[in-house]
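Data first, discussion second: the structure below is written as structure tokens.
For reference, chains read A, B and C in written order, and residue numbers begin at 1 within each chain.
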Amino acid sequence: MARLTNSPRFALDPMLPQRFVVERLWRETADTFTVKLEPVDKTADFAFAPGQFNMLYVFGVGEIPISISGDPADNTALLHTTRAVGTVTKAMSRLKPGDMLGLRGPFGSNWPVLEAGGHDIVLVTGGIGLAPLRPALYAILAQREKYGKVVLLYGARTPEDILYKKELARWRAHFDLEVHVTVDRATESWRGNVGVATTLIRRAPFDPQDAVAMICGPEVMMRFTTQELLRRGVDSSRIFVSLERNMKCAIGFCGHCQFGPQFVCKDGPVFALKRVEKLLNTWEV
Amino acid sequence: MPVQLLDWEALEEFFTALKRRGFTLIGPQLQDGAIVYDQLEKPEDLPLGWQDVQDKGSYRLHQRDDEAAFGYVVGPHSWKRFLHPPSLRLWRAKRSESGFDLQEEALKDPKYAFIGVRACELSAIEIQNKVFLGGSYTDPHYRARRQGAFIVAVNCTQAGGNCFCASMGTGPKVETGFDLALTEVLAPSRHYFTVEVGSEQGAELLKEIPHQEASQQEIATAQQLVATAAGQMGRELDNSGLKEILYASYDHPRWDEIAERCLSCGNCTMVCPTCFCTTVEDVTDLSGQEAERLRHWDSCFSIDFSYIHGGSVRASGKARYRQWLTHKLASWIDQFGSSGCVGCGRCITWCPVGIDITAEATAIRNSQAVTGVKTKGTRHVQADH
Amino acid sequence: MYKQTIDELLVRHSFFAGLDPRVIELIAGCGLNEKFSAAGYLAREGQEADKFYLIRHGTVALELRAPGQGPLTIETLQEGDILGWSWLFSPHRWQFDAKALTLVRATAFDGVCLREKCEEDHDLGYEFMKRFAGIMIARLQATRLQLLDLYGTAD
């Protein structure tokens, strides 16, 4: 019979993790943490593009997708920030320096950081969604002169749930970066904004005719954010979202992450809104 | 190479030649009231004289009035269980000083010879080739199994009650992707097969067994039988514009109706020869020293299938049926360049409540115009709130 | 002097966009600039709502008090935001506290005067209703999103 042609990856098993060691693990908020990894094989390369994710495996417990949240230009630090909510993330949150993890990746599409050069940038994010967007912000700030106005709009549940607090304060001090943070609920001691992230959009300083928007947060939040951006006049071809779906393989084999014709693992997680707009507004896809 | 002819009596030598080359023969046989695929030793293991009668949610075996070896259509099994096994260990891990060591699972090439692969099933294998080998990543387990396999296809000379391969353009005649393709002919005094050679490997093998060139008459007889099957299809499916219709029908009321019948049992996905979804299971031994990762077939009908933190994306049965049918008949085309359905009818036969994919797709097609208006109305209302 | 400034302010603001210049003049005539120091109140729950504000500078917190809890901030408003619609609807009482979190400069519009004008001139009344309804819808939607507790823990 006709022989199947060999692809270059033939010899590699894409389901086999590489071994990484926890260099450091620290709490960000009550239920989130960041883990810094280094490869056992020192020559292993973990270059990634902003928006991509890895599959992290905890021995005997399981494997889950987690977005990479560090600086893509810094090849000495591989960072993942996540919430300890499931069996795997809870087990991961208890790891100590020197403990081993399995890692496959990086997988998926990335934020259009290069393509957005010359434009205003609006990053809208909610909750843990700041983690997958942070690499994009690092990349943009590294070449700040290539962009117009840069705005980060971030919504958290309460002031205690705000991620990367120190860094946000540092970013806020940048004269060429607008950082607006809001929380859903707060007591008197909070001096900042209260209200959902979408309410920040209407007064954020960017040119809707020119801006490229990147959104990452819960799907409902992204839907409403999208509507608000469209209302301000941002064209849907310049809006990008990052989707979350169940994933077992990250390479398009397990079928779990399908979103209409898209496989979120390989066609996403970052999508141009145009491509997924209709399905985002359809129930239970 | 011209069409050859193999007598029934030569089949044993054919099997022996395959075994001599190290192949494990897998083929149809009678088990538990059904014709399933399992290891074959000799031609007599074939379901001689048996025929399956299929309808919605119904499968029965009947005794034929001849001794046909391939006188049935398709059973609950498909070849995917050998190429893409229901359960597979992906790797093992062992605790070590530094953490753990990973042990790759050796790639198995069981050297299968598949006996009796139908045209629709060959198409299904082609489709799974695209899934597992056609992208930027390939599944080494599938590749090893597929590469080593010897395929003996058999043309259908009759169609079943749930067959619609003619609609899908996948049968009943095998066209490509086989090593040897047989057509079984039961003449009054003679039981023989015409043989088409599809590969060098097939030609080599044929040399080792008694055969002759088929006469024009014999070829014509065989062709006539296959043509008869093409005219006997129990069902049909109109594929024209179906993708666009289904993409426009996410809000169609028909999904609610189907959901009232559908049990979300996942039978359709298990018997489907193209359904490829899997889940993984991580297990450890009692001491916690060894772990392994297993891969199992999974079904988009299970509620956990779409679980993300906060709940399942497809919590309702109708969303799950919609996902399955829309994937199979529409989004598959965008993903892999062809429909995910080969018209074998298994999902109709093995559905405990007899849901018929062709009927559901047709119902949606026929009421499409009405839904279009309805959908618009719903949107309008939503936008106002 | 004041009147002119308010006039200009109104013409530039999207809330008043498209209103007849005569109406703008009328509204501006009902406006008065006010200043609140941090922790001062623009409105107190239960008190008579006889005005609405256009915030020109600073941050205002809308607060609710619940027994056993301190004040809970529901939303913060900023420069350019409109505060208060209770003046338009019976029983004309504020439904929450509006507290200045910073120094706040705002223009207050006399609701009693405008209410009467709206009753006399239904075209004007309709314009007001449309514009305040827009603000209410935006707030309602934001509140619904808040209710979803999007980033909350489900388990």
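Side notes on the structure shown:
We adopt the following convention: contacts are C-beta pairs under 8 Å (C-beta built on N, C-alpha and C of every residue); 3 or more make two chains touch, one makes a residue touch a chain.
Note that the structure is a prediction, hence the values are computed from the model and not measured.
The minimal number of chain-to-chain contact steps leading from subunit A to subunit C is 1. Among the chains in view, A has its Cα centre nearest the centre of the complete protein Cα set.
Inter-chain spacing, taken between the CA centroids of subunit A and subunit C, is 37 Å.
Work out the mean CA point of subunit A and of subunit B, and you get 38 Å between them. If you average the Cα atoms of subunit B and of subunit C, the two centres end up 65 Å apart. Along subunit A, residues 83, 85, 218 each make contact with two or more other chains. Subunit B has residues 309-310 in contact with two or more other chains.
Among the residues of subunit C, those in touch with two or more other chains are 154.
Across the complex, subunit A is touched by residues 59, 61, 63, 69-76, 78-80, 101, 138, 141-142, 145-146, 148-155 of subunit C.
Taken in their complex, subunit B has these residues touching subunit A: 90-91, 93, 95, 98-100, 102, 104-105, 129, 131-133, 135-140, 143, 146-147, 150-151, 176-179, 198-199, 201-202, 247, 250-251, 276-280, 282-284, 288, 291, 293, 295, 298, 300, 305-310, 313-316, 319, 323, 326-327, 330-331, 334-335.
Looking at the complex, you find that subunit A touches subunit B at residues 1-4, 7, 9-17, 19, 21, 40, 57, 59-63, 83, 85-86, 99-100, 102, 218, 244-246, 248-249, 251-256, 258, 260-261, 263, 266, 279, 282-285. Listed in rising order, the residues of subunit A touching subunit C in the complex are 31, 83, 85, 126-128, 155-157, 161, 182, 184-188, 190-196, 198-199, 203, 217-218, 220-221, 224.
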